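Structures follow.
Both complexes shown next keep chain A, but they swap its partner, so chain B is in the first and chain C is in the second.
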Partner chain A sequence: MPRAVKRNFLPLVFLGVVLAMPLVMRDDYYLHLMILFLMWVVIGSAWNLIAGYTGQVSFGDAAFFGCGAYTAGLLSHHLGISPWWGLALGGFVAAAVGLPFGWICFRMRGAYFALATLALNEVLRQGATIAENFTGGMVGILIMPSFTSKMPYYYIALAMAVASIASLRWVVHSKPGYYFVSIREDQDAAESLGINTHLYKMLSLAYAAFWTGIAGALYMNYMGFIDPHVVFSLHDISIMAILVGIVGGVGTVYGPAVGAFLMVTVQEMFRSGFFGLFQWLGAVSGSESLAKVAVVLTQAHVLGFGILVVVVILVLPNGIVGDWPKIRKRVFRLDAGN
Partner chain B sequence: MAYFQVDKLVKYFGGLAAVNGVSFEVDQGQIFGLIGPNGSGKTTTFNMISGFHRPTSGRVLFKGREIHLLPTHGICRLGIGRTFQVVKPLGRMTVLDNVIAAAYSRVNTFREAREVALKTIDFCGLAPVRDVLAKALPIAGRKRLEIGRAMATRPEILLLDETAAGLNPTELVEAIELIKKIRENGTTIIIIEHIMHVIMTISDRIHAINFGQTIAEGTPKEVAANQAVIQAYLGTDYA
Partner chain C sequence: MDVFLQTIVAGVLKGGLYALIGIGMTLIMGVMGIINLAHGQLMMLAMYVTFVLNTMGVDPYIALFVAMPLLFLLGVAIQKYLLNPLIKADTILPENQVLMTVGIGMVLTEIVRFIFTSDYKSVTTGYSDRTFFLGNISFSVALTIAFVIALAFTGVMFWFLLKTDLGRSIRATAQDKDAATLMGVNTGRITVITFGLGAGLVAAAGALLAPVYYVFPDLGGPFTAKAFIITILGGLGSTVGAIFGGVTLGLAESLGATYFGMEYEDIVGLTIFILVLLFLPGGFKRLTKV
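Let's look at the complex of A and B:
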């Protein structure tokens, strides 16, 4: 095997599986979950660059996600052009929001910057709610989806996910990548090595905003409906992006992909009451308390996220990919013991 | 025109004058020592030269050009590298990656940066720990990495801030060797040091400050015999 293939063996196998998946599994429900998963790969990878590599934790990913989604929605709503243009433009609009924001707010370090991103998110959410004439306010924007089948969306999302991971890989192995990590490790040292830390933090944020914006535009096209509370949501988008990054592995190329898969699965497990398991058990056994458990579990998905994050941080502080050697060693040793 | 000149530098932190009117000139190729008791303003002077602090007044001139308003990264690019007294390794990067990040200040491709970094690592004697994470290095290694990283930015002037502090006698000899090697390489060095053995053996000229003000300047011998310097270090009883 050529070295390049050998080194990327796992990701390539995985790519093959997701490429073939819709041909085997025609169920719309699972395709829908896969599309969400792929979208989260894009968002998680973007968050990972700014927070994991550059060390500037952002609580405001939804701001960029919403920018992308609204770009696509508003173009279609006001100008009547295809919302797919948003896919091309949404990223640039989000980056155009991120750059001046970064220029101002990267004067703050650490937690203060994180709080500023939180504020940006809220400002945009309130702005989109209030500017009813332009954005439709709380009524939101409704567009006709271009395809009735989920297949095209699946492959578009897959192309985006692959492109975002490829670009992340390229960036972190190039000069900016070294500069981003240097800034994370010690900003003063980075400055003394000739790194314009302010500029590079802005570039990193612009990159993250760009990809998050594209993901937002995809969401608009795919779901066909957005309102400010959906796309500028703190806990459904911003916090979810952070969870995807932390669970998968902060500062690793493939971490967000693993994190996205896990988080989308967990989210769906809670949302559907463990894929209807408890409801089914309740129906089978005729027990009302089991049916109640199903309802409670469905409502407790945020609690579930919280517990998952606590467990991951305690057991695998570097995330699943970051602590993979540790996991492998432990599993291997267990095997040897048996 | 002096090669490098500090002109009446003043830095106030609130009401406290950390540096109060320090002036000196450094010739190309010199090793210029900066000494003074704790808190006398040596590191503050370095911080002003390297752009971490803006001087309250006064100027820093490099080849006749005023540089005291430039940002830190700009000063590095002009060719003034520095090390930190409290070392700042890029902890979760290997020694090689630390130096590659520094080498990128002059080149753009990974191949060139790696090449520069490998040369610098050999030059600074870091080869045995090349693939070690920076945070795993002992203090001598960290001090050496500070120098290696600064050297990879290809400085014309290197500011060394107590690079010999905390080293054992063997490491001290090695550090002196390295500093001499850097000078032979054509780099001008401004060095802050508390260990008199080091600064007296390697410096061409020494500038002594106390309470932010110049108290003496001259050859190591002259400065060592200077009454004000002895007084500052040992107190009036021994002067």
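Let's look at the complex of A and C:
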């Protein structure tokens, strides 16, 4: 299969690097970041199918994420079985929430649907907060993580990320995948060609909900703690999922992976003050103002995020992978100028 | 009976402010066809303007006339330099403008948090917690003034939209952009002005709300949600609907808070929102045909 290898050269090399990474780098901090990155690959790919390929932008991915996480958490909390069951069931529970929602709300188009997903997330979050007897309310759910080492989580997350990208690739090159794109391009035309748009939009949503729910269950197992504000968070989950998709490239297979890597890095860069760079500079040079910059940057990580959204939408409306030819042209021209 | 009447009065007073928030949103919705998810954040900004002026000893109702032009200019700038360029961009997703407003909202919230921290501030005036009585029903002085001013602004807005040339151009653009362009309306300029107007109206609501509410950076999100619920209730793009929607939401919230408990205040709004989407898509506009 040399041809298949050649065509997938870059992703395969990358996969090799990611597979070998924990053997070389044993630092827990970087492993933690990598696990987050892999989790976002799963969520971003799922978002990309429903939004990027089917054109139904969801603002409420956190709803499905939270469903998955709460499935894992509640199973262990109420039934005393391993929260890893959540990994098997969380996706189905999320899809089971998504399907009736889609059945009702896919009558709406475009921005209206996006806002309905926003409302779904809000309802679930408020519900999880109020139903204290069942979900523990604001106290949240705490479980004991199964492994002390990060290594098992890393490989589980990696397997999920690879599976989600592979399934995304398979889906978009299958017949339903082309239906999805036709719905995005022109729903009425798709309908008039005999495509049951309502059904296919629901299928697409179920796929997205399923993977997002699995990612949520992984989050529960890995982090060991959830509460309604963490897993149903609009900014930290829903918007982040959109950003991962948009920055990487809407409607591309590998876009979300690139976007996830970039967004997790950027988020952590701000949170840690450029990985302690400014703090270190401040300590070395003995200047207090540099140390202060570190503190200010740490506080400003959401601001950096917001600015990134604005800049990316303005400059790269199709994301890094989508606008790659444009970027290459610009960069080369810059090189020639130098 | 008194409790019921009191609840109704509180709901209607609050509804007047909500109507003001909703009209700004519905104008933007009608003309640009996008939902402005930074609407509450713009209001939050106006509340901080009021707060800063108040610490210098300026009355909130005078600060109103500073906050409105400021936010008008900000709205104009946002539409001109951030949203309009996106129309030309060649992209897969038409929702880029909506996502952009999300980003703008985040930036506004965080800049404010950066300057003022997350602490709850309050705008204190002599009449913040004063009330007067009509029979057995108590009226908050600040809310009543706010209601009257909100009504006045709504009236002026109606006159503007119905009688002036600019207002007619705005309505024409909302009805059919291409046709309006053919009739010689500079639709690009109209969108810019409309966003400015929307921002200005929500700024008025913010300044009026400041004396009776807390001021903190995260207040934008919930109010964006409210503005959006109001617009859906009233029917997207309908100004009359926004007033109906605002008053309905105000009433529903205060009835919910009285008869179910304070923690259900937000849930009531969302429930009505979903019920309207299910049984009356198109909102009150469908009933009134305005």
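We adopt the following convention: the second predicted complex is superposed on the first by the 327 of 338 C-alpha atoms of A that agree within 3 Å, B and C clash if a C-alpha of one lies under 4 Å from a C-alpha of the other, contacts with A are read in each partner's own complex, and residues count from 1 in each chain.
The working rule: a contact is a pair of C-beta atoms (placed from the backbone, for glycine too) under 8 Å apart; a residue touches a chain by one contact, two chains touch by 3 or more.
Predicted model only: the values in this text are computed from it and were never measured.
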- Query: Where does A:Glu122 make contact in the superposed view: on chain B (first), on chain C (second), on both, or on neither?
  - Reply: second
- Message: Looking at A:Leu262, would you say it contacts chain B, chain C, both, or neither? Reply first, second, both or neither.
- Response: neither
- Scan A:Lys175 for contacts with chain B and chain C and give back first, second, both or neither. first
- Task: Report for A:Asn196: first if it touches chain B alone, second if chain C alone, otherwise both or neither.
- Result: first
- Please determine whether it is chain B or chain C that touches the greater number of chain A residues. C
- chain B and chain C footprints on chain A meet at residues none
- Which residues of chain B touch chain A in their complex? 50-52, 71-73, 76-77, 81-82, 84, 88-93, 97, 100-102, 104-105, 108-110, 113, 149-150, 153
- chain C-touching residues of chain A, taken from the complex the two chains share: 51-52, 55, 57, 104-105, 107-108, 110-111, 114-116, 118-119, 122-123, 126, 130, 184, 234-235, 239, 242, 246, 250-251, 299-300, 302-303, 305-310, 313-314, 317-318, 322
- In the complex, go through chain A and note every residue touching chain B. 173-175, 178-179, 181-182, 185-186, 188-197
- Where on chain C is chain A touching in the complex? 34-35, 82, 85-86, 89-96, 98-100, 102-107, 109-111, 114, 221, 225, 228, 232, 263, 266-267, 270, 273-274, 277-278, 281
